[in-house]
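A, B, C and D are the chain letters, set down in written order, and residue numbers restart from 1 in every chain.
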């Protein structure tokens, strides 16, 4: 946004004069005139206030007339009359040499690297036409760290420090820090232990921003293929709402393309016996969580002082682990409702297994998630019965795309197909779980009607949508002012939680998603390379999908109604508690144990 | 009466011992040995004109004395009281003999400003500081001068930062003073990190109050009430003395609230460095003080805008501060009269390495390396040949014979391929291998690089590896090109001063000692005999008398031979420690 | 990474907490706290860092990141008589490396290691500023100047 | 301890201190008051300056010589540590280098008592700013 009163500065870049706001960087100015200076460590997701420009990689250096050395364009502010050359021989040589140096301390296993084809370092090497590495010498070598969700292969780290910014400043998780110095410097958990000995929440934001293959998700595709190939197993799949608005990107489609139908078709082609939808479980979550909210609210209104408000959503596993580590004194505040993934698993392995007469151990539940923390979530002990997990494997959006390609499926030419029933039917409320603010909006749609007995005419709560880090809204529930808060990104969540801890929070309900943007920006989504417009397009698509649904309130989902009638009874029933609710653990000291 | 004979290495080499003996015997002949004592002294630092004989108490200074002159000195000077004119020092400017050494220009070579109190006062006693004009500058500033007037004075003095980069101090203060904020900080960089430099430590140990006083003056100028001294934890004595000094200043009311009843408040705290050379860079230093990793950040923003805890801060080093009270007391004009056109005042150097008078010196800017090394420093140790002098520590370069007469100031040193740095000056002789020296500095830089930016993190490592390869005898001519290109790129693209200057030792040795690189690469020889991989210890069969000393000292039993018969060294076992070489009294062991 | 097992006893824990408190439990005082802690324990074992992180309300990773950045901080206990060889330039050109080699050889140690009996540990340090005495060796607080390789055994004898 | 309250105050204290020092130098028994400064910076201490200082304080007392022994900072002659500066009233200060206990003893006996110089004098080779 150009503000007219802003002071303007004229500078010349590559012989072209450009007028830019005072305080802009050379990089920003260059962009305005179509000069694309390459960058590597730089990251700017302006709308979400995520900025990382340590000026460390030195790839974006340019020559500034009158300056002794080259200037990093990402952090050098323009000055009036500045003359910049972005491709002088001196610059080109320096940029190439710096990249050669980086590559001289980088493994040469591009062929088998998980990041191949999506790697910023690889693209840059291509772009600069690097064909040999003149500088040979010692390579940094580290033990590969495998945790339930994330693999750290720090041999591939180029010290851009993006992960560190995400982990510490954006997420305030504090699992990672730069350690050691000089050539030995690397980003690692405390004492260079594995991530599973750290307060890591497995949100995967480090993976989302890693420009190389240093941080990737644990790949479970192989196990899924094995299950599909096993004739004794019935393999069913559930797909999270945010997957359908991002998967298309992996096949060259515009961000925000909705591929729900193609995705169902592809999954069926891959051999899944039933293709279901996590959105169904999202509707179920609303039934349980909504009931819990109303229960607490009505207790509060009746003067019960023991009621804990606000209630916090609990569908994000990274967020759950975050508060188990950092707010273990507030474990009774979040809703006890399991996440949609786990509700789906529990219902699939009981209600649905009975329906199709398959034994629990012969039913394999696979989830497709925009997330890597979901891998960790389904491995948590409390979500297994006699060692058999409710959800067997969780694949990320990226893994699914890879799997589809591997199976020779021409995704783009697939026709649309529907989900199977009964666990494939969902409402618009279930869909919007995929973006920040969606869960609370879905909850309000249901809670309003259940509480007041009236029909909600206007289901679109525009005031709680958007990408602002922390959002507040109040909803008039028949004269009662329901105050809700929304935070995405764990750092923002921390602020709201600290208010709760201090007894200052005025909210009745708070929705929290660990990833900036919510699940659309999840750690398992196609790489957005720091481009916020991609996240915006995905969010829009989510709301489009919602608007296109005939039913938009969870409690109106006929198969949910059927599930309660046939199996669960009512929300918060004993059976619901047993299958759909959980409890939390104090993990504040649960790290660094050998 | 006393006759002082120089016993420094240089003079002894030119027979000062014989002069001493002759003087003694002549005095005895004349029955004067009871009245007149002949005393051997340390080096006068004037070896060029040695041997020196000085007569006390009249301060007569005889130069280039020969043993046979002893008789004349006794006969004329001691007995008749007439000075021996022909032996008197000849002033090179007016060609007159100087009778009293106090009038010799030589003594003007060193002028102590920053070191004015070092070695004079008891640093743990504020009274001694006060009796030597201490705190008068502060008092003058806060009672009689406006902050801008003080800044103008500092600007007029031409004082530039003594930490190495040489930014004008007054200008720095002015910028910091103009940035409004509720809190500002004065920071003293006492994290002296150059290996072989100890100027700041000496000032803090010898004259801590001068730094305290200057910081308070700076605080007054920029509107800061808090000062922080970032000091190396490895300097326990300096820390202790500084603490004592701060306490004393507080007791006297020279720190704290309402100083001298003017309403001006200023106080100091110490912050400890923890062993990171890069923390000498001001942004890294500030991060370190904030409890973070000492990684530098890109400037702008400069500390003057956003420094410690995000507040405007001014960082100067110890020596810079130590100059301030003198400038205020004696005036900018006086200060600016010393030095060269663009570098005013004096500079403290820590003189070390293969030089006779290792020590701390302070000379006006513009003094030449020759004056420092051969006059003040007393020349090269053990009469060896001067090869190079390294200035500026790991950021500097090696200067050679051809730079000896260059007047030293910020700009000339940079033009010569080195830099002022904080003032370490390491002298090297013919036994020093310049490729190894470059490697030594790169080893240091690799160890001390913070790792934030690619060129410094990886580039210096690669530079080191190439240098190592050359010292192992495996270098190629292509490696020279690589060294040059890498050095230039590291200089051009590194984030902070550490990386921007770290290739200087490589580039300056490439420029000045290219032949040595060639010898390593093409002839597989290390001319200085330092590179172990390129040398072999061999026993000269003709010179060896079979004393067995070498065999006994060899730690790995690589030397064999019968008693009284020539020995041999098994080169396969030899670890090239050089113990035999040093032990052999017959010069029978040589390096091939 | 191997870790020396270290367990804080209640008094040590209290002492450490009071150190943090004396710096107002402020994150920005981390380095001061680490200096004090190393003064108490001689080194900074993992458990000490964990307590400090908690008390200063920062992450253990950050504390570890700081500890590993500065060469003054150590996570390994030093020997009863820590030996440090100055590797400043003045000492280097006057043969500091040869002296170091001799210590390595006699004690059969690498830099950073401690003898099995815990008596000596070997380290390098940057200039101590005693360049006039180069090469310089420090054993504990004691400074030995003008050390030659064949003087190494003599120095060690002082500690037998 | 008194607080310095103004510039005038500071000047007063300074002149008091200076006359006190002067008094020490121009006392009625100048031959009896000897001033010794021991360079006690890190290099000095590392080479044994502390022992020399202790020795001199003790010995002056034992030998009945009225002397003031104080510490000071680095004199700059690192090559010749420990260094001390001895001022016998009425005479120029003399700096001695390489002072160990033995040497200190000789300095007391020969120079302080009899005015005989001893080996190891370090010629001072700089100007102070007072002279400028």
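The rule is simple: a contact is a pair of C-beta atoms (placed from the backbone, for glycine too) under 8 Å apart; a residue touches a chain by one contact, two chains touch by 3 or more.
Small disclaimer: the values here were computed from a predicted structure and weren't measured.
Chemist: Among all the other chains, which ones are in touch with both subunit B and subunit C?
Modeler: Looking at subunit C and subunit B together, the chains touching each of them are A, D.
Chemist: Taking each chain's centre as the average of its Cα atoms, which is closest to the average over all protein Cα atoms shown?
Modeler: Of all chains shown, the one whose C-alpha centre lies nearest the global C-alpha mean is C.
Chemist: How many Å are there between the centre of subunit A and the centre of subunit C, using C-alpha atoms for each centre?
Modeler: Chain centres of subunit A and subunit C, defined by C-alpha means, are spaced 43 Å apart.
Chemist: Find the geometric centre of each of subunit C and subunit D from their Cα atoms only, then give the gap between the two centres in Å, rounded to an integer.
Modeler: Centres of subunit C and subunit D (C-alpha means) sit 37 Å apart.
Chemist: I'd like to verify one number: the distance from the centre of subunit A to the centre of subunit D, where each centre is the average of its C-alpha atoms, in whole angstrom.
Modeler: Measuring from centre to centre gives 73 Å for this pair.
Chemist: Quick check: how many Å separate the C-alpha centres of subunit B and subunit D?
Modeler: Chain centres of subunit B and subunit D, defined by C-alpha means, are spaced 26 Å apart.
Chemist: Check each residue of subunit D and list the ones that touch at least two other chains.
Modeler: 42-43, 45, 77-80
Chemist: Going through subunit A residue by residue, note those that touch at least 2 other chains and give them in order.
Modeler: Expected reply: 178, 180-181.
Chemist: Among the residues of subunit B, which are close enough to touch at least two other chains?
Modeler: Answer for subunit B, listing residues that touch two or more other chains: 198, 201-202, 235, 276, 293, 295, 352, 358-359, 450.
Chemist: Can you work out from the touch definition every pair of chains that touches here?
Modeler: Those chain pairs which touch are A-B, A-C, B-C, B-D, C-D.
Chemist: In the complex formed with subunit D, which residues of subunit C make contact?
Modeler: 128-133, 136, 143, 145
Chemist: Flag every residue of subunit B that touches subunit C in the complex, lowest number first.
Modeler: 192-198, 201-202, 233-235, 271-277, 288-295, 309, 350, 352-354, 358-359, 390, 393, 424, 426, 428, 432, 437, 440-441, 450, 553, 555, 577-579
Chemist: Which residues of subunit B touch subunit D once you look at their complex with the stated criterion?
Modeler: So the residues of subunit B in touch with subunit D come to 2, 4, 6-7, 37, 39-46, 54, 56-57, 106-113, 115-125, 127-128, 130-131, 133-136, 139-140, 143-144, 198, 201-203, 205-207, 235, 237-238, 251-254, 260-261, 326, 330, 334, 352, 356-362, 376.
Chemist: Which subunit B residues qualify as touching subunit A in the complex?
Modeler: The touching residues are 276, 293, 295, 297-298, 300, 446-455, 457-462, 465, 482, 485-486, 489, 491-495, 500.
Chemist: Under the touch definition given earlier, write down the residues of subunit D that touch subunit B in their complex.
Modeler: 1-7, 9-11, 13-14, 17-18, 21, 37, 39-43, 45, 70-80, 85, 91-92, 97-98, 116-123, 125-129, 132
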